[in-house]
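Okay, so chain A shows up in both of these, paired with chain B first and chain C after.
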Partner chain A sequence: MKSLLRQKEFSIFAIIVVISIILSIVSPAFLTIGNLLDVVEGNVVMGILAIGMTLIIITSDIDVSVAAITTAVAVSVGALFSYLPDSWISLAIIFLIAPVIGLLIGSVNGLLVSKIQIPAIVVTLGTLNIINGLVLYFTNGRYLNSTNFPKSFLSFSNVEIFGIPILIFILVFVAILTWYILKHTFIGRSVMAIGGNQQSSIRVGINYQKVKLFVFAYMGFLCGIAAIAQTAYTKAVDPNGLLGLELTVIAAVVLGGTNIHGGRGTIHGTLLGVLLLALIQNGMILARIDTFWQNVVTGAIIVFAVSYDHISYKRQQEKLAKIEVA
Partner chain B sequence: MKRFTLSLLLIIVILGILAGCVSEDGGSSNEDSGSDGNSDNEGEASSETSSDEELSIAVVPKLVGIPYFNASETGAEKAGEELGVNVQYTGPTEADASQQVQKIENLISQGVDTIAVAPNDPASVDPVLKKAKDQGIHVMDWDTPANEVDLSVKQVDDEEFGRHMAKKLVEAMGTEEGNIAILTGGLAAANLNAWIDAAKAELDENYPDVEIVTEKIPTDEKQQVAYQKTLDLIKSYPDLDGVLAVSTPAPLGAAQAVQEEGLQEEVSVVGSALPTDSQPYLEDGSLDTAVLWNPEDLGYLTVALGKMLAEGKMPEDGQEIEGIGQISVKDDGKTVIMGPPQDYTKENAGDFDF
Partner chain C sequence: MSEFILQMKNISKTFPGVKALDDVELEVKHGEVHALVGENGAGKSTLIKILAGIHKPDAGAQFFFEGNEIEINKPNDATMKGISIIYQDLSLFPNLSVAENIYIGQDSHKRSWNKMNWKKIKNKAEDALNELESDINPNSVVEQLSIAQQQLVEIARALAFDSKLIVMDEPTSSLSSDEVEKLYKVINKLKKRGISIIFISHKLRELFEVSNRFTVLRDGKFVGSYVANQTTEQELIKMMVGRSVTYEKNQSKTEVGETILNVSNFSKKGNFKDISFDLRKGEILGLTGLVGSGRTELAQAIFGVSSPDTGSVKLFDKEISIKNSEQAVKHGIAYIPEARQTQGLVLEQSIVNNISLPVIKKLRNKFKLINRKKEVEIADEYVKTLDVRPPLPELNAEKFSGGNQQKVVIAKWLSADPSVVIFDEPTNGIDIGAKTEIHKLIRRLANDGIGVIVISSELPEILAVSDRILVMRKGRISGDLGVQEATQEKIMNYSLEGSGNVKTNQVANHSDEVTQEV
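Then we have the complex of A and B:
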């Protein structure tokens, strides 16, 4: 129990609990299974992207092209739709092709960052602009509605298992996969090591370039999955629909306790960060907070959460220091 | 290894250049390539003379690459062909005021005859429009009003449009009492606010028993945000009867929520949307009516009036514009209203291609 309390993620968990209690008192509609499922389903895309972003931020880098890559894959999938038959094969094709497209774009980012060692923010800003330009050129901003979608894809997006939408299972799958990689594989441990101390990790023989390439390629792969989730969720392809999402994704990761300077971060922390942002958004209307105050409340909660988190972390560090002296 | 790095760098540079070209192409209008083609045929000398003869009219949208402004581009180019003027349709790739000012600066140095702008931020285009005027270029606005203009083209009367949407919503609800919510694209958008205010006035005056349950809710011009907000609204206000959604993605998101919850009969949705986008929702009644104007006509009218302005004429109230119909001019003598709002319903949505 004590170790649980001492965990860094506990503070954000506590804030979520407090907000949930307030919301369930204010609104009877909040604490219903239907509402909670809606909240989670609505943030599957953000969750998937935030999980990938966690790995990148752990290695003390950043990727601002995630929303653009996801849009690029979604637009490609949308273009593919009109050639696909109405059978389950098209579903398999989409699940095969979308992650591969994402993986390829992510690998380009990764190669530039690892081999040529251009700062990631420059590389990903570049790819962000290239992709946005190309998407605009090819689609002319055209919104695709569900009339061209294969029926199998539409029925897939409505599948529920035990009353839980399929998209949530995709998020859970991604979370478990990434957790396993981070915790139990060599490459995952290398990610943590490089973030903790780059020099030492290279000295003990970790292949720096390989790890950097991996995190960006994996991010691209997840963008591909997020694109499927986004298309299934909105049942449409909107080239402008994800504009600016990368900042929210980064905010969720940092809220979830990942150190922006690298070396520290967990998957469950990130998921809590996403959940906190999602609950705030959901709660605003349920709690009937006036529109003009919603931004103020959102900002206040984020500032509070981050400072609370940081204070408790500092205290912990001080304690650690004392023990060393003794 | 070095070779590999070098070749990779080369690829990036080439890619970068290509991307540059592409976005330039996307940004400027097809009219450029069209006029290039002409001058190739006629030889180089004639391209100079043709620019002397043909009036050139520049139409600057808030941004290029969204369905709405694509439709008005089609209309503007059609007008260019039919009226024999050179049309340049060019704007920023995102709704950004400073990028738009740059585009206008470029047009001034090209020496066009008329510039028609749909400003992202009216105040920020003031200086550059003034500069254009000083150089003898006729300046007008379209879609959204600017300050320093000789002529102002409006798609609809804001007051009439807002009231019309409110009426349509009450009609769709089938009752003159109930609870409704209002979704908007963004809280700072002046035209959306004007419509909402007019809609509220209409409800206040003629349907006092229709209650608006909460302040207007912003949706960031995104369908999925409108979808989530509508789901939240339905849960929070179980007795909700209608949703009024202004800004083009908002009605789609609201209708999607109604469709998935199977509340087509209980919750009516009316909003401003393009017909092809809203078709899947119009068909099963989750979206009752999409109200908008015809953006193609708006582009056409802008060019037609731009031509008149360049020829030194001003439009008159009740004047018949070929291909558009009767326009009305407000009392200030320079604000032109294209016509009444257009309704897109299950029956007619398939007839349009924007």
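Then we have the complex of A and C:
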């Protein structure tokens, strides 16, 4: 119990409870199953991306191209839609192709980071710009609505199981899959190891490049899934719809207790971080707070969370005595 | 079968400008504890890094393991053969459990996609830990363990991978004496299993306690291999310090003036304790001790990079408080760091810009713009007086040789007109000719009335530049010597632990005398 209380995840959970109580007092509409499901469904894309980002940040890297990759896949899927028949086959094809496109783009990031060893922030800023430019070139910034979508895809996006939207199940599936990889496969433990102590990982012979390549490729794979979720949720393809989402994603991961210096982070923590950000935004909408104030509050929370994390990290470092004084 | 488990022959290693190892050999017998001995910079770590495959030796190197020639080209070539290396800073993952740390070992690169078999992993860890008679819980997270326990985890990892040779790099440096005793027991246990150990340590007493034989390195050269119980401590010290490169010992008698800097009762937990000394005008104070004795930490605390827990600094008899390095500079204290390329210079900028950096605020005209003409004048003057070659102040700092870069760093601090200058390893990585020039420069600063502290591991250098020498050991001042009475052997005695208790007492008395004088 004590160890549970001491976990970072627990403090986030506590904050979520407090905010929920405040919100349900402020607005009676908040604490209804309908509203809560809406909140979760509306943040499935952020959740999927945040899960992938967790692995990357654990290895003490960063990927700012996630929103761009997701958009690129969504645009490709949108272009593909007009060629697809109205049958369940189309759905299968989409679920096959979208993750593969994402995986390929993610692998490019991964190769540049691991083999050529360019800092990830530079690589992903580069791919972010290249993708955004290409997307604008091909779409002219035009919004694609659902008239060309195969019927099967539209009905898929409306599926509910026990009253819960299908997209939430996708998020849960991604969460479980990633949790399993991180916890129960050797490569998952290598991700943790590299983040914990890079020097050690090289000394014990972990294939450092392969692990880096893996986290970026897997991120791309999840971007593909996120693109399906985004398209299903909005029933449209908006080339500008996800602009700037990468920052919120990174914020959610850090808020969820993943250490920006690497080595620490859990999937359930990240999910809580996503939920916390989502609730704050939802609460502010319910409280009719202006959009720009919402941004200010979100930004302030992020700065606070990272500062807190960094201060406790520095304290911990100072505690490590270097010399045994006689 | 060969008598030796490991033979390294014809090992040379040239780094740009420095020959770190010159035709060194190392032979370790089956089941023995073999100590690798030498001063700081003698080449011990380089040799181990070559064995580890982290550094590539020059052509001609040969390695034999259990009598068969093996290739060592990259990390893990050796570890795959059954050689485990336990580095001083350990190779553990603080965020993972003990069992995981033991499992993630030598053959990691082969198993990326394996499923973690938690039961097997835990059993393997338990077996290895049991063998070491340790009660560490395999489920606990490594960062919660003490250093001694972490070390055991590393040894357990070596056992789990059936290592036949374990290298321990200064394993006792961060252990208490109790823990050291326990480590000896573990080492004896390993020995009984037929595992050979290469043991690196600066503590002579423990070398004699645990090792069967040792190999001495000095200045990158092989001095010899000796049987432990046929050698005395004094003989060993002599072999470690007897040098090929010598400087003139400082003979000049400087007029020592008023006290410039007084440090009293400086303590910082885990860094240094009860440090008190005076620095007088025109005096060069040498500060030496082994790496990790707290020298640099002390200097950085004086300079305000870190703050001590207790103690005070007086400058010209006035107590000053230094919270950060900017304040230190304002008070006229300059610190010239060891890594001059990364900490002392902006390599991509001209000599002029580098020299004017500390005084840039004073060079502004009434519009708060920098007076470039004055800037160049100052730089020109220093380039001339310090004889920086080539004398081209507009050239970028990266274009100059190490010795000349160091001159620029010195010029940079002189432009700020300091009253105290602290040099940390001033001639590290500089060739011999330039070294003596830097030494002369340091002497000139002192003659100009600046109080100078020189930190160096190189004993001949300390003897060549200092008027007085402070020796540190484990965060305390263990010796305070005038240069006339100082010898390399004496300094070594004060730096090392356990070279005769009688002498340590003498040191204590001596420093008492000094404090009484003040």
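Rule of thumb we're sticking to: the second predicted complex is superposed on the first by the 286 of 326 C-alpha atoms of A that agree within 3 Å, B and C clash if a C-alpha of one lies under 4 Å from a C-alpha of the other, contacts with A are read in each partner's own complex, and residues count from 1 in each chain.
Note that in this section a contact is a pair of C-beta atoms (placed from the backbone, for glycine too) under 8 Å apart; a residue touches a chain by one contact, two chains touch by 3 or more.
Keep in mind that this is a model prediction, so the values were computed, not measured.
**Student:** For A:Ser200, select first, second, both or neither according to whether it touches chain B, chain C, the two together, or no partner.
**Tutor:** Touch partner of A:Ser200: chain C, not chain B.
**Student:** Touching A:Gly34, do we find chain B (first), chain C (second), both, or neither?
**Tutor:** Only chain B; A:Gly34 stays clear of chain C.
**Student:** A:Asn282 contacts which: chain B (first), chain C (second), both, neither?
**Tutor:** The answer is first: A:Asn282 touches chain B but not chain C.
**Student:** Tell me the contact category for A:Gly241 with respect to chain B and chain C: first, second, both or neither.
**Tutor:** Touch partner of A:Gly241: chain B, not chain C.
**Student:** For A:Gly263, is the partner it touches chain B (first), chain C (second), both, or none of the two (neither)?
**Tutor:** In the superposition, A:Gly263 touches chain C alone.
**Student:** Residues of chain A touched by chain B versus by chain C: which partner has the larger set?
**Tutor:** Per-residue touch count on chain A favours B.
**Student:** Check the residue A:Phe292 against both partner chains and state whether it touches chain B (first), chain C (second), both, or neither.
**Tutor:** A:Phe292: touches chain B, not chain C.
**Student:** Who does A:Lys210 touch here: chain B (first), chain C (second), both, or neither?
**Tutor:** Touch status of A:Lys210: second partner only.
**Student:** After overlaying the two complexes on chain A, where does the chain B footprint on chain A coincide with the chain C footprint?
**Tutor:** Residues common to the chain A contacts of chain C and of chain B do not exist here, since the sets are disjoint.
**Student:** Inside the complex, what are the residues of chain A that reach chain C?
**Tutor:** Within the complex, chain A contacts chain C at residues 183-190, 192-193, 195-197, 199-207, 210-211, 214, 263-264, 320-326.
**Student:** Give the list of chain A residues in touch with chain B in this complex.
**Tutor:** Touching chain B: residues 27, 29, 32, 34-35, 38, 42, 111-112, 115-116, 126, 129-130, 132-134, 136-137, 139-143, 145-147, 230, 233-236, 238-241, 243, 281-282, 284-286, 288, 290-292 of chain A.
**Student:** Applying the document's contact rule, which stretches of chain B touch chain A when the two form their complex?
**Tutor:** Residue positions touching the partner: 4-5, 8-9, 12, 15-16, 19, 22-23, 25-26, 64-67, 69-70, 93, 187, 214-218, 221-224, 227-229, 231-233, 235-236, 238, 249, 252, 256, 276-277, 279-280.
**Student:** Applying the document's contact rule, which stretches of chain C touch chain A when the two form their complex?
**Tutor:** 52, 75-76, 79, 85, 87, 89-96, 100, 104-109, 111-116, 118, 173-176, 269-273, 292-294, 297, 473-476
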